[in-house]
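Both of the next two complexes hold subunit A, though its partner changes from subunit B to subunit C.
The block that comes next holds the complex of A and B.
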């Protein structure tokens, strides 16, 4: 579609929306999607599920019982081995793959678990990871290889992985529960499902990226098909595959708490959940830190192993030299086991030596809460009345003497309309069509609120955006996805999700990009932000939620802040990375032309980093959606809540429909931002 | 210099056509058409002839160079020889056997034992040490490390990598990496040695050294070689015979001197322009036709380059005798060298000299 035709389409939508809003009291079907048009997906899904359980139930239960053995076996081992030995061996592994700094980090991270008295729970969670990661790695490797060899398989596998990664985990917890029964194995299976996609992706990618000449060299050496795979392709793809293992491990860790919801007993995820339910803020945070630390240690260990280069050639190493770490491990094991005989505290850490600062922390929190109660309340009301409600329900409903301190009178409404029309007309006359359209849409949105717009208008806007970004195919896909949301009867919830996630993402992106710009110009800022980003990214989602609940209680604002806290990370990272990645030659050329700092930023670096920024926006949205589901716990009324309700009531259909809805929303946003990023890259000749 | 008896490799009318069902062009005996007409028809129908009707022979111990610019189809042709790329049509006969008739399984055996290949960007396994890279083809055949060792040690010495066996490819310079590539390709002692732009990724100085090394190694081993390059001077340095390709077709085949003294068309002549003639021309090509051969003079071999002749001619104004296999073929004098150079340079420049009025 040509530029001017798309502009006319936009103005047509805007016009029709305004007309529809004019008649909204009389045309009810325009405002709320008619119930008569809905399709009972929920019932269908429940019927299908019941049939599956009736037919294949025993099979799944059997598998579950089978998996119980390795699971409890690993648990027993990790529980029996003295803590000092486990930590010692991990430290040795840290030394083998990296160096002294990682050894120190490993020690403090692991000893923290002993010190606060969560060792046993931590080891139970570690058992879950240690079982689910190898399973996910094996499955992912096999599936990824299939996708590499067969294009037809890839056409099925690739979208399946997309869906597995975008459907909120909550949504498939229930079917797993129904199929496999209750217990730790269910958590295991959920973890495996969630951890498989990165392995599949990295395996396929790694195999595809092997240098063509290396392949030819292998063929010329006379490799058979099997030799080609195991001795040429796999070793050459190994780095990417190891990266996949690393990501798989991280995914498994992020599932620890969620797995506990359906199958947790006496592990650290369960501990976090229980404490959250009891509203014990400090306890929940202390337990949550365990997961973050454990994830960080394993991340460093596997990442280092993945990037380690072979040592420089030296003399032929002898047996002792080649196996020095194994020998050291053997000696360490014997020494610590012997020592543990004489010093029992190496085996079971005495409770008296534990350090559990929960009480002090809670006191401190309470002090802050009481002392700054007024300030906290002000922040919350301000955000609610001036940012969130206008977007959700529109100025029309928000402005009242109670909230803004004055009545939204008719002359004011007319004034608003006139001023906005004026701005739009001015922009349009200056030829800035896109700007005019954007302002017009924003004005309508602000006045009426996102949840009170006609469903048809919202859908039309999204489809048109998709058309502009990615062409006909994306537009059709978007349209079909939206139709599903409507006929499934979850449109109102979708709009709430859209509003919550939308505000959070926009704010995160604005703030995060600004911080990223600062970090790209200043190494101190960058060094300051990096550990914060790392922590936010490894912290379990639930734990991020806790401090916000503490300060702002339940509600949309808390959800908003939690989503922001998590989704700001990619915005910062991509902005910094993109801006730092601008070619030094271009920077030099611009400086030679006499660019000022501001000109350099606005006219050179930002435009060139735009595709990266768009990718950052993409990730911001994905992170936002992931957190959105979790925030259902603080009582939002969106799709995430539906998923949670489905899970709690054991209603498979409700949870699944909402889960698919969430995935649709995420995928539309993903495809659209990626399409814009690609467009930008192509325009800059970077594609 | 190649007789039927010592022929190693024979390529007959090789075609490689990319596009939809390229076999269709050869169904109805179109291959007997004029290749140019067939090529035009292929392009019209959306197919791309990457190699068009390529034929050549390589004798035992001969270095055959295929020279062409990028996109001329030379890399496609060399890959057809080992069936890394399956030719659409034609015959590749190695030691009397048609490789195109062989099953994939048999081809693996042929690649394991009869053909070695060197790649432009080396194609080394980054996860293997120098020693393991060189031993790789042997280990794929299933030889035990003990059996492979003498063979590997031998090629390591041959290419001068002693002392670097434990290094990994990323720790080596480009020249060293290509030594590994060469050693690997020679590890199984192949009869046919393919080199695909082996020195193009190297710096000019290193390239020169490696060419000398290559010639030294060939002096010891007497392999039958197909050597691909886009560098005309490199082709001249190493070639016994060479073939120039353009747009998938063969432009001319011959010895370097034949190409220079008698280029088939302007395209070939274009390349020969920059060639220092004194390096390419040999004694027997600059013989003074009028001089009467007699026995009393200093003798030189027929293949002596003119470059080497110059100081001798300075010392012997009367000229030197050119001999081949003991018999004198003719006399070379300073005058005859200058005449030959003048004749060739004049033709190449294609600028008729103006006589002073």
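The block that comes next holds the complex of A and C.
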């Protein structure tokens, strides 16, 4: 479609929407999707699932029994080894891969678990991760490589990964419980399923981004296909693949809590859940920190181990030299085991020596809650009245003497319409058609609110956006996805999800990218942000929900904050990673041309980092959608809530439809960001 | 670490004495949910089974997944199922015959709307529900004004409060509680800051040991409410009371006839749970210790149950 024709299509949609809104009181089917047109997907899904369970149940049960062995084996080992030895070996490993600073960090992080008395629970959780991460990394690497070599495979793999990352485990919890039986293995399967996608994505991206010249050099050297892969492509893609392992590890740690909900082991996630159920803020945070610390130690260890490999060549070192860390580990083991015979506290830490500051923390928390009650209320009210409610239900509904301090009278409404029309007309006359269309849509959205727009208009806008971004195929895909949401009967919930996630993603991406830019320029900022990112990503978000509820009460604002707390992390990470990856030669060249700092950022570094920034946006959206299911715990009425309703009613179909709905939302947003990213790159001549 | 030791015992299996020949030699698997009252019921049940010579294994399990597990026989029984906070998954499993209800535990639950005493100053007619019509604004929040804000059970527990509000035309906006933790967080926050709160809740619950709360009173005397539908202002009875069931897998009685007889015979009332909960949650004592103490002191109570079990073996 040519530029001018698509503009006419936009204006037609805007015009028709306004006409439809004019008749909204009389034409009910315009506003709410008619129930008569719905299709009983839930019943179909239930039937199919029942058949699958009946047919394949024994097979899965067998797999489950098989997996039980390594799991209980690892758990037993971690439980039997004295805490002093585990910590000692981890410190030695830290020293081997990095240095004294990591040793100190490892010691304090691990000793924290001993000190507050959660060692045994922590080791049960660690066992889950130690089994699931290698599984996820191996599967992810293989699948990611397949996606790299075959475009056809990629077309199946890429959406499957989106689905795995966006359909919440709760949506398919019942079937996996029925298939695999109750127990820790179900938690393992859930965490592998969730932890695989980042590995796949980063493997594919890394392999794709290997420099053409390096490949040619490899070819000239006469490398075979296998050599080419293992000696040329993989080492060159290692940075990205490592990021993948890192993200997979983090994802596995974030599933600890879900594994606990399923149940079967008394691990740290269970402890968190118990405390959250009692709304014990400090106790839940103290337990949640354990998961975050454990994740950080493992993250640092693996990342350092992979980058700090000894250089090849030079003198062949002797046996003792090559194996010095193994020998040290052996000696350490014997020494600590011997010492533990004489000092039993090295084996089981006495309860009397534990330190558990929950009471003081709760008191401090309550003090803030009471002292700053007025300020907290102001923040919440402001966000609610001026940002969230206008987007959700429109200015028309929001403005009242109670909220904005005045009545939204008819002259004001007319004034709003006239001013907006004026701005749109001015932009259109200046030839800025896209700007004009954007302002017109934003004005309609703000006036009526996203949940009160005709379903047909919302769908048409999204399809047209898809058409503009990625052409006919994307438009058709988007259209089909939206039709599913309508006929499945979850359109109202979808709109609430869309509004919550939309605001959260926009804010997270804006704030997160800014922080990422700062972090890429300043190592101190980077070092400061990293543990915060790690904590946010690995500390179970259930933990954050409770203090948020105490500060801001049940409702959409709390949900928004919870989504942002989680989805801001990839925005920061990918922005920093992308900007730091910009080739130093380019920077040097730009500096030689006399670029100012701002020019350097906006015209050199950001455009060059665009692929990572867009991957960051992509992941921000994915994380945001993933959080929707958690926010249902603070009482939102979105797709996440449907999943709990399905779960609690033992109705697989209801939860699955909502889960698919989330995946559709996420995928549409994802494909559009990717398409716009390609357009942007093409415009910049990178392609 | 108060709650710790009980959790670390969750994977603990105690060897049977061998003096009695259990019919199935597998340990009986009892789920441990996320709240103390259930820990007490589960551990008392388990201890009685051990007295009759059975192996017992405590397994942590979420409140919803446990039903799938019990229906499939991965877990054997659950002494404390609250019918108010579980959706259709439980009645469905009972209907299909995979889960059998073996009677009620004996706890006397109460459900209804609660408010902190300081709300009486802002709304003088309380505790009568009739007063709520006049002082909805005293219960209002920014997003519900001028209507009052009523926190209901989470959406997946059903819509009973919302239905009652609709039937008696109360000017209140029902806000879904999301989850038990979030509801308690609301209550804690409100009581700390003196904010208004009206919330659907239930007892026995440790919350009432932690903070003062009062119940909204309905027209029907004594909170009797047989039928929740068809209420109106002037003839409002509030809520039908939940029941607390003892359930087991359909094969439990055949596999462990003795344990099944104990399980059917046993019953615990509010006073037992409240007393033990106080020891554990407020005084920070270990669950096993408190349960063992109760067992030692109340042999007269549980001896007949265990005897019934030994007779059935």
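Operating definition for what follows: the second predicted complex is superposed on the first by the 520 of 687 C-alpha atoms of A that agree within 3 Å, B and C clash if a C-alpha of one lies under 4 Å from a C-alpha of the other, contacts with A are read in each partner's own complex, and residues count from 1 in each chain.
Please note the rule applied: contacts are C-beta pairs under 8 Å (C-beta built on N, C-alpha and C of every residue); 3 or more make two chains touch, one makes a residue touch a chain.
On a predicted model such as this, the values are computed, not experimentally measured, just so you know.
Of the two partner chains placed by the overlay, only subunit B lies in contact with A:236; subunit C stays clear of it.
Of the two partner chains placed by superposition, A:299 touches none, neither subunit B nor subunit C. Shared-chain residue A:183: touches subunit C; no touch with subunit B.
Touched residues of subunit A were counted for both subunit B and subunit C, and C has more of them.
With both structures placed on the common chain, the touch criterion links A:223 to subunit B but leaves subunit C unconnected. In the superposition on chain A, A:576 makes contact with neither subunit B nor subunit C.
Shared interface residues of subunit A, touching subunit B in one complex and subunit C in the other, do not exist.
Residues of subunit C touching subunit A in their complex: 1, 3-4, 7-11, 31, 34-35, 59-62, 64-69, 72, 74-75, 86-90, 92-93, 141-143, 145-146, 151, 154-157, 175-182, 184-189, 192-193, 195, 206.
Subunit A contributes residues 116-118, 120-121, 173-174, 177-178, 181-183, 260-266, 270-271, 273-279, 281, 351, 354, 356, 366, 369-370, 373, 377, 380-381, 384-385, 389, 402-403, 542, 545-547, 549-551, 553-556, 632-637, 641, 644-645, 647-651 to its touches with subunit C in the complex. By the touch rule above, subunit A contacts subunit B in their complex via residues 211, 213-214, 216-217, 219-224, 227, 231-232, 235-236, 238, 309-310, 312-314, 316. For subunit B in complex with subunit A, the residues that touch the partner chain are 79, 82, 84, 108-109, 111-113, 115-117, 119-130, 136-137, 140-141, 164-168, 170-171, 181, 184-185, 188.
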